[in-house]
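Okay, got some structures for you below.
Look at the two complexes coming up: chain A is in both, with chain B in one and chain C in the other.
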Partner chain A sequence: MMKYKKPSRNFVTYAGVILIFLICELALSGMIDGFKMSRSLKGQLVPICVYIVMAVSLNLTVGISGELSLGHAGFMSVGAFTGVLVSQYLLFAFPDVNLETIRLIAALAAGGLFAGIAGVLIGIPVLRLRGDYLAIVTLAFGEIIRNLINCIYFSVEGIALNFGFLDPNLPGKMIINGPMGATGIKKLATFEVGFVLVMITLVVVLNLINSRSGRAIMAIRDNRIAAESVGLNVTKYRMLAFVVSAALAGMAGALYGLNFSQIQAVKFKFDTSILVLVFVVLGGIGNIRGSVIAATVLTVLPEMLRQFGDYRMLIYAIVLILVMLAGNNPFIKNTLDSFKAKVFKKSAKEGDQA
Partner chain B sequence: MIQFLSYLLNGISLGSVYAIIALGYSMVYGIAKMLNFAHGDVIMIGAYMSFCAIQYWSLPPIAAIVLAIVVCTALGILIERMAYKPLRTATSLSVLITAIGVSWLLQNIALLIWGANPKSYQSLVNFGSLTLFDGQLHITSETFITIAANIIIMIALTLFTGKTKMGKAMRAVSEDKGAAELMGINVNATISMTFAIGSGLAAIAGVLLCSSYPVLMPTTGSMPGIKAFTAAVFGGIGSIPGALIGGILLGLIEILGKAYVSTELGDALVFAVLIIVLLVKPTGLLGKKVHEKV
Partner chain C sequence: MTQRKFQKTPVKMVPAPSYGILPERDVGERPVLETRNLGIDFGGLRAVEDFNLVIGKTEIAGLIGPNGAGKTTVFNLLTKVYQPTMGTVLINGRDTAGMNTVQANKLGIARTFQNIRLFGNMSVEDNVRIGLHNQIGYSTVSGILRLPSFWKGERAQHERALDLLSIFDMQDLAGHQAGSLPYGAQRRLEIVRALATNPSLLLLDEPAAGMNPHETEELMENIAKIRDKFKIAILLIEHDMNLVMGICEGICVLNYGRIIAKGTAEEIQNNPVVIEAYLGKQKEG
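Presenting the complex of A and B:
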């Protein structure tokens, strides 16, 4: 009997994302009749990609590494402002060179790099703590980053970049203007770039999870003392997960920043961190595919609820509470489990016969 | 110097509000082991209730405060029964997300009822102000009453948890739920009671906060909520004197930081001090150190 090899879970994830991307592309180009994307939905495409990257990267910290982080938006804002700074600087300093792709790649790389550095700096103190204390310190760092960005001023004059801290009087053209944020950004983000970033994130995170390091990270999550006693370097692996997660969030932030003509630090407050955490928890903690689906559905959902007008966030909140209650209701859980068991038993049998 | 004294008093007054909110956080965390993110929004509901009582129903200030306390206490019990009780055995993250859902729900209900425009809150405890040093130092009655309320609440709660049967039951449940149940303590009633007290305190905090800082919006409660939570962690979560010290220190750092360092960096300073404290004493200033068992 030939052995039937099920396609790996990761393959299904990649295939699903690519398929949805292609469908969206077709819908955008108007090749599917009767399936037109509304304007507001079109505007949501890049944010969806951004939030998928945010949710997947946060899932690396919360689900795989087991550390509740409430400051993920902080890394996003570092990435966003670095990305915008790099892109705008290149635009003003070298106006003759008209290469949007290079500017975009430079912005994403710089966003990821600086958020990664912020991840290292924040990780050193944060990872000494555990549980709710770790959560509150990440929250604190998120707020500190937001406050600091409100005090930062950058301007460009010729090819010189001027920096001011709490000092708005800079010569040249302002790029980042303290509490007013960055204005007049030349939009570079496209859905295609977003898709590429999502794929990069998935490849990085899924390969990390299935590697030796990933197994070490999960071992530390499940039992830190046991993992330590078999010789795993706990600090190193926790740091690895934290920094990768921060760098990916930074890239997402850079893409987000370049999707708008202006951004302020207020956009990355505590609520944004919480929103991404909601995606992760509803998608399933530690379940990467779940994060992708939850981020997509929950970014689109408020748009879908637009017909309810003022009631839409109310409905959103009620749905969130009900989903959490239903997911933890013993009766519903048992019914779902037995249903799942039945379905999977069936498919397993079919698999044997094939 | 006199300027400094005035900042100091303002700091202690703001810190007292934080301390009262932090108490609610701390008690709920101690007993239910959950971060109740909806606590800040209960403050906001309390402030709106007292606002309505004065503005629309023209009740006397005392009645407005009592109404706010009653509504918030009922709200606290209701939230606990509807949203948190079914999740007693769930993971802490599920409970956290539910609390966030409740927080959004309260904010949006407030948004629908009272609208997004900020309301200017008329102080409920304004009895003029005291002028010292030839008119150089003004101390408002709000400052006095906030600090006095804080002291009274702290003493009352310390006595309550130390002397009364219910208070002892609370401490027992927060230490070991299973053992407390075996001793005949009604765990569910005790937890409901904790939520009731925490929410009642939140109503008082809401009235005091808006009397000193008279801008009322659906999101009024969220930042003080987060800061009070920080204060609770700062002082050692689960401890009543810890909440007092944490709250007052936080208020002082915020006001003095804003006055002497930079207005923009006031909040950043608060959180930076929190991080430093947690790194030196990972369970907060007065927190108990729990040894890890293998």
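Presenting the complex of A and C:
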């Protein structure tokens, strides 16, 4: 009989993330000679945090809830544009007050809130479907969101916020300008905020998984008929996972939007959803720590490969294939497992007695 | 026609106060289950029809019949996996028309499955905890924020789960992966999970399938024990006649979707129609 692996080695995940953050901070501060971060890597710090949050939140839908969603970038874009709108509005409407922190928090909260609402609205029709159908419809919704955002115009005049749908002739200063997106964004995102968002995401997702509601979500994934027979409200818990996942993606999107001076809806195309899905699959479906590692490595990798010039994406693809093959190779898997077993033997024993 | 005697395994039992299946006896208070002309069509096939059954408060009843008779279909009708095409199901006196499986469970009906349906990737304890979901709760938010109600609820679930597992002496398996248990243990775990939902009627679909004679005997004792301890009614489908005749106070025989006989073990064993349709054949097969 197989001994069940306790999923509560979460502290390793938290400790790892904190450690890497501290190392990065040390490198950024330049206190140690020769230990410095390249300019391009510095520029990647916030995107890394964003993609970690995206991957972890998608893993909640794909791995924990078991629904293949291909529209995650759609929620990211809702968060990005809401976040930018809120932040820019506050900037223009109340220019005298220095509110950077409040603007950032408001932007992240609004991004999460509106992406969560989008999650509810999309979840209602989508969660009636299963498997491939669900995947295709989420893909379609991701594209619909992107196209809708292309038609939206917002401007600010005094403290009034004007809205136009397919109508660019708004008075005052444009914040969101249809297909041209948002321009002149006051950059607010920092690596530290990104780190905090990553930690919040990990706490929310890991605590959810290891709680009553999380068990219900996984039970429905494992055997829907049995879950219903013991009285689990299937719709409620599938919706819960979907909406939490969407809200976290929205917060990631808000952070992403505030990391650039301009964004367009094109940035949140289908390939972004697939990219995040690649992180989830490579890190291991249902494996939260794996998602963190995969998102980090695969975001940094293209930068590291810059020296290979034109061969960069080729090598990137080969690395992906190799990792995929290695992950599915029974020999490598067994070796890894037995290695892990040895490492964790001691702590597992202690855990048993407790 | 050959008469077949079934060896009665000595199981000590408290006699049930009411016998729903047996028409001449009083059902006592409100019956746990009552069906009226229940039936279902699958396209052209009428899988069950005119199914009338009353089960008393702490009765152990058996549902037997040849393969394909419609026994599992009856369970699916009672638990609202299928909506009946005809007739009604009353659980604890409440009409279940239009209800779904979740609502039926909340009314007090729990079941196991002929083809085991555990949450295979999860631990034995977690399987039971999922059964406890609606019994011992706390909000999603307090779970995420690890508020005191989370710790309190988790502790209560843990203790109750181990308590329930101890019915089958399975508390030592709590940490094991459910899918990796031997067959018999998986069937027992399904019973524990169903019991965790605090039902007043427990439906067991072939609980002894795949068990060895020793395990089956233990199961018989445990089924009686569960009834006495939890004061619930149990309806079971089983092909093992020793088990059925040994513990069922009332037996209902189904053939081609219709009830062909109801009665005590003795009456059923001596019923020529039943012998013809099922018991006789069983001996030859």
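To be clear about the criterion, the second predicted complex is superposed on the first by the 319 of 354 C-alpha atoms of A that agree within 3 Å, B and C clash if a C-alpha of one lies under 4 Å from a C-alpha of the other, contacts with A are read in each partner's own complex, and residues count from 1 in each chain.
Basically, a residue touches a chain if its C-beta (ideal position, glycine included) is under 8 Å from a C-beta of that chain, and two chains touch if they have at least 3 such contacts.
Keep in mind that this is a model prediction, so the values were computed, not measured.
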Which superposed partner A:Ala249 touches (first chain B, second chain C, both, neither): neither
Chain B versus chain C as contact partner of A:Ile318, first or second or both or neither: first
Chain B versus chain C as contact partner of A:Leu282, first or second or both or neither: first
First, second, both or neither for A:Phe270, with chain B first and chain C second: first
Which of chain B and chain C A:Ala140 touches, first, second, both or neither: first
Contacts of A:Asp310 with chain B and chain C, given as first, second, both or neither: first
First (chain B), second (chain C), both or neither touched by A:Leu45: neither
Partner chain in contact with A:Ile225 - chain B first, chain C second, else both or neither: both
Chain B and chain C contact sites that coincide on chain A, given as residue numbers: 225
Residues of chain C that touch chain A when the two form their complex: 79, 81, 100-102, 105-106, 110-111, 113, 117-124, 126, 129-131, 133-134, 137-138, 140, 143-146, 150, 153-154, 157, 173, 175-177, 180-182, 193-194, 196-197
Partner chain B, residues of chain A touching it in the complex: 62, 68, 125, 128-129, 132-133, 135-137, 139-141, 143-144, 147-148, 150-151, 166, 178-179, 225, 270, 274, 277-278, 281-282, 285, 310-311, 313-314, 316-318, 320-321, 324-325, 327-329
Touching residues on chain B, where the partner in the complex is chain A: 29, 35, 37, 83, 86-87, 89-91, 93-94, 96-98, 100-102, 104-105, 108-109, 111-112, 222, 226, 229-230, 233, 237, 262, 264-265, 267-268, 271-272, 274-275, 278-279, 282-283, 292, 294
Chain C-touching residues of chain A, taken from the complex the two chains share: 1-4, 6, 203-204, 207-208, 211-216, 218-219, 222-223, 225-234, 240, 352
